[in-house]
Structure formats: C-alpha cells, structure tokens
Amino acid sequence: MRALRQRAATDERVAGWIFVIPVLVGIGTFLIVPIGMALWISFTDWNGLSPPEQAEFVGLDNYRELVTAEGDPRRDFAMAVRNNLYYVLGVVPAQTAIAFILAVIVNQKFLRGKGFFRTAYYFPSITSSIAISLVFLFLFQRSGAINQLISGLLPGAEFRMNWLDNADGVLHNAVGLVGVDTPPAILTDTSVLGLSLWQWLSGPSVTLFAIMILATWTTTGTMMLIFLAGLQNIPPDVEEASRVDGASALQRFRLVTIPMMKQPLFFVLTIGLIGTWQVFDQIFVISAGGPQKTTLTPAYLIYREGFQNFSMGRATAVAFLLFALIIVFTLVQRRILKPERA
Amino acid sequence: MRTRPRRLAQLLVLLTGTALAVAACGSDFADSDSGGGADDDDQNDAGQTDGAAQAEDDESSGDDGSSLTLMGFSSGPAEDEALNAIIDAYNEQSTNTARFNPVPEYDTALQAALAGGSPPDVIYVDSNRLPDLVEAGALAPADGRVRNEDDFYPSLREAFTYDGTFWCPPKDFSTLALVYNVDMFDDAGLEPPTDWEELATAAEALTDGDRTGLALVPEYPRWGSFMFQAGGAVTDDEVTEMTIDSDANREAFEFLRDLYAQGYAATPTELDAGWAGEAFGQGRAAMTIEGNWIVGALNNDFPDVNWAVTELPAGPAGPGTFAFTVCYAVPAASENPDAAWNLVDYLVSDEALLQFTEQFPVMPGRESLAGAWTEAHPDLGAFLTGAEYARPFQFVPGFAGVVDTLDDGIQGIAAGNREIDEVIQQVDESGRAALGG
Amino acid sequence: MTAQLQRRQTPPGGRVAERGQSSGYRVAKRVLGYTVLIFFAAMFIAPFALALANSLKSRPEALASPLSLFPAEPTGRAYREMAGTDLPRWTMNSVVVTVMVTLGRLFLDSLAGYALARLRFPGRALIFALVVAVLAVPPIVLAIPRYLVLGQLGMLDTYAGLILPLAVDAFGIFLMKTFFESIPREMEEAARIDGATIFQTYWRIILPLAAPGLLALTILSFQASWNEFLHPLIAAPSDPDLRTLPVGLALLRGAQGESQDFPLLLGASVLITIPVAIIFFTFQRYFIQGVTASAVKG
C-alpha cells in the first residue's frame, strides 16, 4: 500500500509538471517576459520607438516624477487616480447592489421567465466594448435619445445636458444648486499631490458620470449571474429550516441569505475592483481623457504617455503604480470582508 | 443528461487537440493563408539581396520588382480612393507593387511597428511627431532621394527638417481658414470678416436662437492661430524658450474667452455636433475655422449649404494660421530602402501630386503646382493664400505633455472655469520643465 | 429539527412560504417583482433595440429622432455600404482567431487547472501565485513588450501571432482550478485505485464532470477574443488581410472622418454582437452552472 502511494506521488509530480508546462511556456513567453521587460522599461527613459536596448537607465526617476516631484506628470497621475477613485466608488457599489437585487428577485420561485430576464441582463456584458461605446456615443449626444427621453419625462422643460464634453463635477453642480458657487478658500488653497482639495472633492465630471453609467450597465449582468449562482447554491433544507422556525421573509433574508452570499459577494467585489481600476476601452472611444482631464484614468494615462507622448518609461511606471494600487485595494477589501473558510 | 455533457466535454478537448496539432504544424497554415507575413519577409529578404547587388550598378533606381507597403491613416473613402488611384498609376509604370494599408489608431500601430524593428516600407509622419521619430533614430533621411527638393514650400521643407537634415517630402498640406455660410451673411447684410473686430461683430450679429456665430473647438491647433495673429506663440521659433507668458497670448485668450462667454462662439458639442464642420453644415453655426478636409465633408454630407472660404481674420499683429502636414517617410530599419524611395519619389512627383490633389482638395507641397491647383479649385484659394504665413504644429521631443496641459487650460478658459493667468502660469511651468530650463 | 426537516420535504414549486399569506399580498409582491424585472430588462435591452432601429434609418432621421424604434423610411443603406468594405474578410479572421483561441484555452487551462487543483508537485503553490499576480497587471502595459516578443519570434503579421498570445490566459486557469476543486475528490480516487493513469482519470472522470466549467470557459473566452481590440491591432500592424472585426469597426469609424455615420456604426455594432449572442443563448444553461461553481468557491 505504501509503495503504491509512493508511486502515485511520483506520478503526480511528473504529471503535474507535464500538465502545467505548456501553460508555463505560454505564460512565460507572453506574460512574464513582457511584464519583466515592462518593469525594466519603467527604470529607463525608453521612448518606445528606438530599439529598447538603447534606452538609458534612469533608476527611480520615472516613479519620482509621478509621486514626489512637482510638475505635470505628478498632477496628471494624481488627477487620474482621483478620477478613477470616483469611478470605483461609483461603479462598484452600484453594479454590486443592482446585481444583488436583481438576482434576489429573479431567484424568487413564484416568478416565471427567469431565462429571459437572465439573458436580458447578461446581454450587455457580452458585447464588444468598442461597439457598445459607439452605441453610447450615439445615445448620449446632446440631441440624442437620453436627453430626448429625459425631456419627455420632464414635461415643459427641454433637457439638453451636454454629457460627453462636460468637465463640471457633479458634486460641484450639486452644491451649486443650493447656492454655493465659490468654494471655501481652505479647499482651493490646500493642495495634495499638486491638486487642490477642491479639485479632489468636486466629484466625477458629468462626462465621467456618463461613462460610469455605461460601465455599470455593461457589468451588472455578469455580477448578477454570479449572485444568482450563489443563491441557487443555498441548500434548500437550510432555507426550509428557517421557514419552519417561523422566521419572516426579512429575517430569513438577513439571517440565511446574506451570510450564505458572503463568498459570491467577495468574488464580485474583487473582480469589480480589478476591472474598474483598469478601465480603458470606454475612455479610449468616448472621451480620450477629456474634457480637461476629468476622464483621465491611470490606464488611459499609460496609453497617452506611452503611445502619444513617447514616454514609455513613464507609462510603465504608471502601470506598476496602478498594479500596487490594485493590490492594496484588494487587500483592504479582503480585510474588511474576509469570507469564512469553508 | 449524464452522457451528453460527457461527450460534449470530450469532443471539445478532442477538437482542441486537433486544433493544436494544426497550429503546431501550423505556421504553414498561418503563413499560406495570411498572404502577407512570412512570405513577404522572404520576398523582402530576396529583394534586399537583389537590391544590394543592383545598388552597385544602379543605386537610385529601386525599381526591382519589390512589393511595398505604405502604412498610413485615412480621413475617409474619398482620400483612400484618390490615393489608391496614384498608387495604381505607380504600379503600372514600375515593376514594384505598392499597396496602401490604412490603419485605425495609426500612432499606436506605427510605434509598435517601429519598436519591433520590422516596419513597413513607407509610413506617414505628421510634422508634429517628426522630432520624436528623428530623435529615436527611426527614420532614414531623404537627402537627395527625392527629385526637385527645392520646389517644396520653404515652410514645409522646414517642418520636415530637423537637426539640419531633410527627412521626408510632404504628402500634401492643409491650412486653417474661415468657412462661412454665404446665405446667412447675405441675410444679415454682412461681408466676411477680415480682422478680429469684424469677426466679433459678425459672430454677434449672426448668433440667433439656436444658431451661434462661430463654431470653434477649444484646443491649441485652433486657438494657436489666434495667438499668432496677436503676435504671440507658445515658445520661440527654435523651441528653446517658453514665450507663453506674454501680453499677446493674453490678448488672444481674452478675445476668445469673451466670444464663448457671450455665446457668440460655441464648441461643437454645445451645438449637438461631433465636430465643427458638422455644426456648420447643420446650420447651427454661421462660421467655423477648419482646414481643407472640411471641403469633402460639406460636399458629401451637406450639399445644400451655400458656403465659401476666406482667410482667417487678421489680429493686432497681422495674419496667422496653422499648416498641418504629413510626409512620406522611409523608416531607418527599412529592408528595401531603394524601392521605398522609388515609390516616395513617384508619390511626390508633379503628376502624382496633381492627380491626387485634384481629386482630393488638399494642397500639393510643391510651389510650382500652386497655379494648377488654384485652377482646379478656384473657390478654395484662401487655403493656399494662408500658406504664405502659416506655421507648422511642431515642437520638440518631450513637449507633448505641455501641449496636453495647454489644451486642458484652453478648454477651461472656453468653459469659463479657469483663469487665463493661472493657465498661462501652469503652461509656463510645465514648458520650462520640459525644455529643461 | 433534522427529523422535522426530513418529514417535511419541500413540496414541488416550494409554496410553503406563501401559505398563510393573503392573496392580496401575494399579488402585490408579484406585481412589484415583475415591475422591477421588466424595468431593468427594458433598460438593458433598449440600447440594442435603438442601435438596430437607428441602423435602418437615414442619417438625418437618426439624428433628428433617435428615440423612435420604427424608422419612418427604413433603408438598408448602412448595411449595403458595409458590404462594400472588407467586412467578410474581417469576419473570417475573427472566426479563425476566436475558434483557435477558445480551443487552445480549453485545452491548456483545463490541464493546468487540474494540475493546480489536484496534483501534488513541487512548485505548485508558486505557479498558482504567479497566475494570480499576472491577473492584476493592466493589459495595456503589456502591449509593446509583447509586440517585441512577437517580433523576436517572427510572429508579427501571422495568424500564430494573433492567436497564441491570447490562448494563454491566467483567468481561465484560475477559473478551471476553482472549478475542479469543487468536484468531490472521492470519484477520482476510486478511479486511481482501479489503476487508471493520471491522464486517464483527467480524461475520463474529471473532464466530463467539468463540462459546465468548460462551457463557461468557452463562452468567456469566445466573448473575450471575439471582442479583443488592442492585441490584433498591434500584432498585425502591416497586413490589412489580417484585420479582425473590432479593428475593422474602429477603422470604419475613422474612415468616416469626423462626421460620424451613426447608422453605419450602429449597424456594424449590431452585426458584431450577433455571433456572441448566439453562442451565449446556446450555452447559457451550462454557463450558469459553471459560474455557480467558481463563484461559490471564490
């Protein structure tokens, strides 16, 4: 018996490596080597045009420019982080909450047509981001369907929001409504990383807000499916037991459903965080970082610096800072919401 | 239910095995099918050896049966058609075979092609990006490879000269001019404006309800011409020092800020349009400032609009406009430079330039063709007149970030949420950092 | 309590909960539920309906009345114009790339996922950590270095260059590993004791059990590679015959100058969506089971 087990162990060692070698070669060639090159590039002044071996090693200069040295690069990076922070804080809770509510409703036993609704909600997630961004460009035009629809719902007033080229912060607009139009001096005079507190606090611009709507719309379906899968995995006897114990629907939801949904929730938040911190395609098609840099995100900044401004070294440095940011956010989120080990 | 997924799974993986086997033997599959790829490489390698051998007896010919790719971007089917026509003409009279490959996201594709070391034979280079490409050693100099170099407009030759070397001949060029709606001007009893004051007056008079006087994109490639007209500029001519902090630039910014603030000028988005030409074509604006490319767009999309073009109104310091231009360049890593230059030389020959610009209303870069072009496009003379004082959009490597900051500020001034002094100060700082002084 | 549970099996349809509730409450609950569902379904489908409707309008009509679902004067102009482009070629390329990438991922990811989930071999933990770390790197940063690698391998402007880099994918390995872990160990242990080799076990026992996971991977990777934009743009820079649909779509947009021909763009967007939609409808049942497994394990 022991000999058998030993042979099995040897087999596993050999087979294990044989099974992973093709993938390792692939990952090595197309992911690890490029990542290693990118890391090296982030310590050079490579322009992305000349043969890379001609680039000069500049140590931490690229990182210093982005984090500590005053100037454009740091201001742009801070702006990108600021914008993306609003994006994450808006999109992740919205997609998670809507997806969860929809999943709970679709999961109700008394409803028919689950397949239809499931498909309808998932549909936006399968569409090419280039195609969907073009559709949104059309819908959000100033004379477009969205404004016409809102005008129709608000009779009397013609609604003509300039969605796609509007740098005003939505929080700024909101305080404007209650009559505050000059920010207090303390907010304009104190600056953090080259941006005034007021710039940090004025909220996502209207254009970024429109892109956030688009993002929520495209990803909610995937998140809903994951929740739905989790809900369907709740063993019927657990739910039954609580029913028998006389728990109300609300109590059942709080005491049974929510705890059982912790793992899917964790999964959804993790994917959501990583995805929202890497937002690129929609920005690329719709706004190219504008107006007034209010839709600049780290991922778009990487593109702009590397491919438009010929600073591949700086672009890759942004990438690794973004990588660090994603790791930090994921860890923090894991801390707050640690799923119990099954 | 039990058996179906099982068979399905096995089928999927079996298929995969087959697919991988195909892929493994499959460079074949890829190559034979792509028609480009490795086949081309082989051909080019062969071409190169041939070329080298041939170069000894006939260095400048390059007419050696090569197949050549011209990579560029496309402004639309009209330009593609005109360009393909002259390439067809080239193919007829040469043993080489050239092909035009327009790509989306040109800058990205070009950068990848150059960094990878096996670029296409001929590429477009925008005057704005030339310094970066030259600094990177990406281009082969044009010196002496193109006939009659001195015939190109001095300003264009200068735009493609860097570090004292002429790198590539201009494909064509466009200038900014004032495009106005003749009917609207007639109705208001106005003459086309010739200076800033008249421009402001006309813009005010023509702003009415849904219609605004001037549709103008708030960005440096438009506003810059007003800076020139006021006698200002972002830097000195050699791009060694920042000159953004000047009263001339302030005056230009103030003039434009007021036009937007009073509603006499508007951005295209404010006019429900994707670009200024569209706002103009839809009658939402009486005037706009655009380049030659607006001609085709207006003729195709808005054939009923009665429009005309005139020089940009002069400012306190006289006339000023931008020239935008692209050249045909041969990459330094080109595998068959002789054949590539042979193609370029043809593309900028008198006959090819005339044929191209007659069909597509941009202007030929050769001064000697000005007369023929004006004859072909009698209504567009203002674009050509602008060439006399136009300046290229060009700085030095590493300056692109400063232009981003300037554009950002210009958008803020137009939207009324940034102060002119603060923008100027920020651009000044960022420019000083970029110029290292 | 357990005894109680066993005695009271849930009747079919699970109506226990509704017992004792007034019928008014039940109706209200249903109305509310359907209202929310239908509202969101409309929100999620409307943009596609509008895209389809507007692709059949003339340009002026699309601009003037973008909201109407029925074109006043339907026209197939946008589609006729598309027929004049290289759309068929782009479609064929997209199909070749997508099918090959998907097959490649199925094979490689399931093999590796199985090894990482079940086989004990030195370096396993390290390899898995690597797979996860790779996930957090923004794809845009890999564009140029990956291009350089392709250049070194002589794969630029070839189908191999379009396919192979996409066939390697960390997410799929992660998904398959999670999936295999959810399959009870007892089944394969029984097979192993019966003398089956590891590959036989994987092939005959594990793969069939993992069918939902494989289908999930099929859909996800079909969708991802069908829609991939940046990689084909960069991997085939100088051969127009190797363009895929998303790249072609971007070119269509550029080719219209700055005046956007929205009916044309919307029509192309509709066309590019259809194949993925068909795949999804066909496989969705399995797919949903697949997501279940991965989600619950997290």
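Chains here go by letter, A, B and C, matching the order in which they are written, and residues are numbered from 1 within each.
What we mean here is this: contacts are C-beta pairs under 8 Å (C-beta built on N, C-alpha and C of every residue); 3 or more make two chains touch, one makes a residue touch a chain.
Nothing here was measured: the structure is a model prediction, and the numbers come from that model.
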Winner on contact count, chain pair A-C
Would you identify the chain whose C-alpha centroid lies closest to the centroid of all protein C-alpha atoms displayed? A
Please report how many Å separate the Cα centroid of subunit B from that of subunit C, as a whole number. 37
Centre-of-Cα separation between subunit C and subunit A, whole angstrom: 18
Two or more other chains are touched by the subunit C residues 143-144, 148, 164, 250, 253, 260
Which subunit B residues reach two or more other chains? 108, 111, 115, 117, 274
Return the residues of subunit A touching two or more other chains; collapse runs of consecutive numbers into ranges. 48, 52, 141, 143, 303
Interface with subunit A, subunit C side, in the complex: residues 1, 4-5, 8, 10, 13-18, 26, 29-30, 33-34, 36-37, 40-41, 43-45, 47-48, 50-51, 54, 62-64, 66-67, 108-109, 111-112, 114-116, 119-124, 127, 130-131, 134-146, 148-149, 153, 164-165, 167-168, 170, 173, 192, 197-199, 202, 223, 226-227, 229, 245-246, 249-250, 253, 260, 262, 265-266, 268-269, 272-273, 276-277, 280-281, 284, 287-289, 291-298
List the residues on subunit A that touch subunit C in their complex, please. 8-9, 11-17, 19-20, 22-24, 26-27, 29-35, 37-38, 41, 48, 52, 98, 101-102, 105-106, 108-111, 115-132, 134-139, 141, 143-145, 148-149, 152, 217, 220-221, 225-230, 232-233, 236-237, 240-241, 243-244, 249, 263-264, 266-267, 274, 278, 280-281, 298-299, 302-303, 306, 312, 315-316, 319-320, 322-323, 326-327, 330, 339, 342
Touching subunit B in the complex: which residues of subunit C? 59, 99-100, 103-104, 106-107, 110, 143-144, 147-148, 150-151, 154, 156-160, 163-164, 203, 207-208, 210-212, 214-215, 218, 233-234, 237-242, 247, 250-251, 253-260, 286
Of all residues in subunit B, which touch subunit C in the complex? 5-6, 8-10, 12-13, 15-17, 19-20, 23, 26-27, 29-31, 33-38, 40-41, 69, 71, 73-77, 80, 101-105, 108-113, 115-120, 274-275, 277-278, 281, 293, 296-297, 301
Subunit B residues touching subunit A in their complex are 107-108, 111, 114-115, 117, 132-133, 135-138, 267, 269-272, 274, 397-398, 400-402, 404-405, 407-408, 411-412, 415, 417, 429-430, 433-434
